[in-house]
Amino acid sequence: MSQPSFHGIFPYLVSPVDEASGQVQTETLRRLVEHLIGAGVHGLSPLGSTGEFAYLDADQRRAIVQTVVQAAGGRVPVVPGVAATATADAIRQAQDYLALGADGIILILQSYFPLPRSAVERYFQEVAEAVPCPVVIYTNPNYLGVDVTPEMVASLAQVPNIQYVKDASSNTGRILTILNKTGGRIHVFSASAHVPVLVFLLGGVGWMAGPACLIPRQCVELYHLAQAQRWQEAMALQKPMWRLNELFARYSLAGCVKAGLALQGFDVGVPIAPQEPVSAQAMAEIRDVLESLDALAPAPA
Amino acid sequence: MSQPSFHGIFPYLVSPVDEASGQVQTETLRRLVEHLIGAGVHGLSPLGSTGEFAYLDADQRRAIVQTVVQAAGGRVPVVPGVAATATADAIRQAQDYLALGADGIILILQSYFPLPRSAVERYFQEVAEAVPCPVVIYTNPNYLGVDVTPEMVASLAQVPNIQYVKDASSNTGRILTILNKTGGRIHVFSASAHVPVLVFLLGGVGWMAGPACLIPRQCVELYHLAQAQRWQEAMALQKPMWRLNELFARYSLAGCVKAGLALQGFDVGVPIAPQEPVSAQAMAEIRDVLESLDALAPAPA
Amino acid sequence: MSQPSFHGIFPYLVSPVDEASGQVQTETLRRLVEHLIGAGVHGLSPLGSTGEFAYLDADQRRAIVQTVVQAAGGRVPVVPGVAATATADAIRQAQDYLALGADGIILILQSYFPLPRSAVERYFQEVAEAVPCPVVIYTNPNYLGVDVTPEMVASLAQVPNIQYVKDASSNTGRILTILNKTGGRIHVFSASAHVPVLVFLLGGVGWMAGPACLIPRQCVELYHLAQAQRWQEAMALQKPMWRLNELFARYSLAGCVKAGLALQGFDVGVPIAPQEPVSAQAMAEIRDVLESLDALAPAPA
Amino acid sequence: MSQPSFHGIFPYLVSPVDEASGQVQTETLRRLVEHLIGAGVHGLSPLGSTGEFAYLDADQRRAIVQTVVQAAGGRVPVVPGVAATATADAIRQAQDYLALGADGIILILQSYFPLPRSAVERYFQEVAEAVPCPVVIYTNPNYLGVDVTPEMVASLAQVPNIQYVKDASSNTGRILTILNKTGGRIHVFSASAHVPVLVFLLGGVGWMAGPACLIPRQCVELYHLAQAQRWQEAMALQKPMWRLNELFARYSLAGCVKAGLALQGFDVGVPIAPQEPVSAQAMAEIRDVLESLDALAPAPA
């Protein structure tokens, strides 16, 4: 099987926003993009969970996509998150981001009222059919209050441009079920709730990841070892990296990544209120883990 | 204890929106407001759950508040919902709605990442402190993914303009706990997840309610019987009314209220996609319940 | 409607068991029964949640039922809990307790694997059909991992001796739904997760209650006020009593009741391990609440 | 690291019980044991979830352990489940099973009331200290209503004979966390909620498994491929085997394994009531999967 167009390490970018004015810090974001591309990542995903999409308004989202697309300059694909409760809102966002130069979208359904399966599937289908680009279905039953089950993914795989799924359920067996049910029509990206090397062994094509903001080189190396089927070496690299995922699960996700980037010299600010900055205890643990992974080096100018 | 300024029956208004254009149907909304005030309701709450706040963008929300304030013309207080994940967004909405003439707000916290108790309380406190009007705290742990517990309500009761709470948890005992803990500093409105007459017996001051869109006269009568402490009569009236709440819980809330209003001659349209219109089965049950409550009469011109 | 044979206040008895030997402390249990009957309770329920049924083996359960039946001596009905995962086990227990002189059973389904609705209903039906006595269905979705919904109660009401339900769901509206759906064929007892006076206003026939071990006179008075439809007075009595229910919810249920009885001079021991005795903090709060309810008087010799 | 004494494939044995009499079908159980040992399994675990421990009384449990120990005749270790809510009951069971010849125990905490972390840890510690054999901690937060988190496993690893954990949480990342936190002091067995080959890559020592009753040879081969670090081949074998795990998750676990064994000629009966036998639809799917895995061969006489 030849590689799909989206594959490898896609850092989930943080959203640096000025606390007082709400202004997107475009210069900081550009520096981060440059740094990550320099470290060898294969794509960029703004407006994921790590990117605090749920806390940003329409203007802030647009500014972030525009900045990332311009900074990437076509060197790697940019695949932003499109998150909405209403179908019309999702379509509008998707079309906006594509007009700004995005190469695909990660499609997210936020819920309020419970929805029947047919309504969930219709959302994904209608948004996908309204855009010409590849679509990544995102599911995270813990945070979103709605699930896209393997059965639903299998149905949605009939829509031609629904080509990827990113499962953030923490139930790694679901990924094997998705792959078995879709027989190669759907490519799977790991989320940070899974151990990425295991998803690679299952046949996953990459990792869309908050940690890759902080340790991009290690993530890329992990991916290459898996590509080379050097599983024991990949596992040996994976073990210490997993501590970072554990921190993200224990403390606040966006807060941790922003704190780690600050330690590396990126002035990305604090998580958007009412989220709180990480505690001194969490900060010390983040520093400790980054140090142990040789990832505290100052960011390039 | 004299009556607080907000009390009695506050219908949760639906949001009639044109399916194709997304335009708010202001004329329909005005007719509904007129009809409800004519039926004796004590206030109006647009942008609650029933009002599908979670599916509306900023412009739609503003149009709805403006329409309701103008249509009410000062005859009853208008208390719209303000729902956000980010503190800054909530403050902006609240100030907008007050500038449009709202008399208070129902403050709702939507969640994505889990928040510590301190962050939840800070959200409510900071938004309340940014506005001069009375604030109703709304909690609905089932749909919102975050809870405002009785302990948190008791803390927040220290903020002078946090004066009301609407608890939609379905755990009626919590209301007695809130009243015991706050000793009269906080007034409680029933949600439709509770049996309203029970909340009145506990000391609740009113009912913010989707059903009151459909059976406003009966709701007002129930409130008056409770005010007169005619509990057996109130209970006799409550029993058949409860079937409407059961329908809302079994089927989709906004879909049911919109369907019932259509049966009464209000052209409020269908719930916003990807929500689905109610099934034929649900429609038949809604008609049956409305008929049994003598509430199928055509709406006044 | 004439009163059903089971009605009024049924204390949920604790199970005093010697920590080292596992021996049931029959003398203490007899004193407690005598004390409660003297306070006017209408029945007795050993082996409920408060009675730690889930921590007792078959011999301990039998010893407790035998002791309570003998101590009651026919003055009030004895209605023990029958809890099992397997139908055959429940039938065996039920027949044993009836042979020992019980007047009815509270039937509880413990779950391990998820069960379809048909299996849940069959359990209740088959056990009820195997005994000649009245059956109280117990449901507590929080602790039991399986629910008996109002729809299922309505189906089961077809079984002649299924005549009561005790709903411990904390969702008080469900009780109105059950009453509406069963039209008088099923009588409802309040659990301590509800505010009992509200369940009485809805039409409930009594309260099966852990708190009634500690404040039996107050519980009986509450019931009488409700019977007399003196709702405001009942509510005034209910408010301070509710603090006891709050303690049970905040701390461990069996631990709290056992601790309170110890303060009253009943040597009922600690909850069965690995449950822990209540903390000093909880003990102080229990003492404070009992004192405020004038219920710290020493137990009669 | 040399292999720990328990490792490899441990089928979770079903419990064949006569529906009418409740008698354990010892002859059928002996045949099954003989068949599994012949297929190369490394140990036997009666009284796991698959073994319906939650539906068996004390006498049935003892009969099953006795039968399995005798049939195994020392050829492979027998490690039965010990499940209880009360510490004393667990100690009694554990000592009984060891007296009957068991080689270790899988220790399970069933819950009713919520327990603080200290109480959960004390249960495992006190039972482990009361027996001389190796102890496997079992955790299944979905079915048991109580969790043993990686942090708790790390604490309990201080108890010398707590040497294994079987995690049935479906969150595969937790296994890496446990291994990282315990640094080799705790060995991990896969449960069927995980993809076993992934647990092997993480460093797991074996698989305690319902599926191994039905496809023992394939499970043993999977384990050997993983031991030989032939990960691609292991994965190729794993993929079709996973369908069996999917069936167990979709339908009832014990029902599926019993149905599959019946198809293979083992007269193990139906799951214990109120559990229901699998549907015709499920039966057809089980047959189909077993056929695809070449596992429908008649059982040896």
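Every chain is named by a letter (A, B, C and D) in the order it is written, and numbering of its residues begins at 1.
One rule holds in what follows: a residue touches a chain if its C-beta (ideal position, glycine included) is under 8 Å from a C-beta of that chain, and two chains touch if they have at least 3 such contacts.
The shown structure was predicted, so the numbers you read here are calculated from the model rather than taken from an experiment.
Visitor: So which of C-D, A-B or A-D matches B-C, with over half of the contact pairs the same residue numbers?
Guide: When the contact pairs of B-C are compared with those in C-D, A-B or A-D, A-D matches.
Visitor: Measure off the straight-line distance from the CA centroid of chain A to the CA centroid of chain C, and report it in whole Å.
Guide: Here chain A and chain C have centroids separated by 51 Å.
Visitor: If you average the CA atoms of chain A and of chain B, how far apart do the two points sit, in angstrom?
Guide: Chain centres of chain A and chain B, defined by C-alpha means, are spaced 36 Å apart.
Visitor: Two or more other chains in contact with one residue: find those residues in chain D.
Guide: In chain D, nothing touches at least two other chains.
Visitor: Which of line, ring, star, complete and other names the graph you get from chains that touch?
Guide: ring
Visitor: Would you pull the chain C residues touching chain B in the complex into a rising list?
Guide: 170-173, 176-177, 179-180, 193-195, 197-198, 201-203, 229, 231-232, 235, 238-239, 242-243, 245-246
Visitor: Please output the residues of chain A touching chain B within their complex, sorted ascending.
Guide: Chain A residues touching chain B: 22, 49, 54-58, 85-89, 109-110, 112-116, 118-120, 122-123, 126, 143, 145, 252-254, 272-276.
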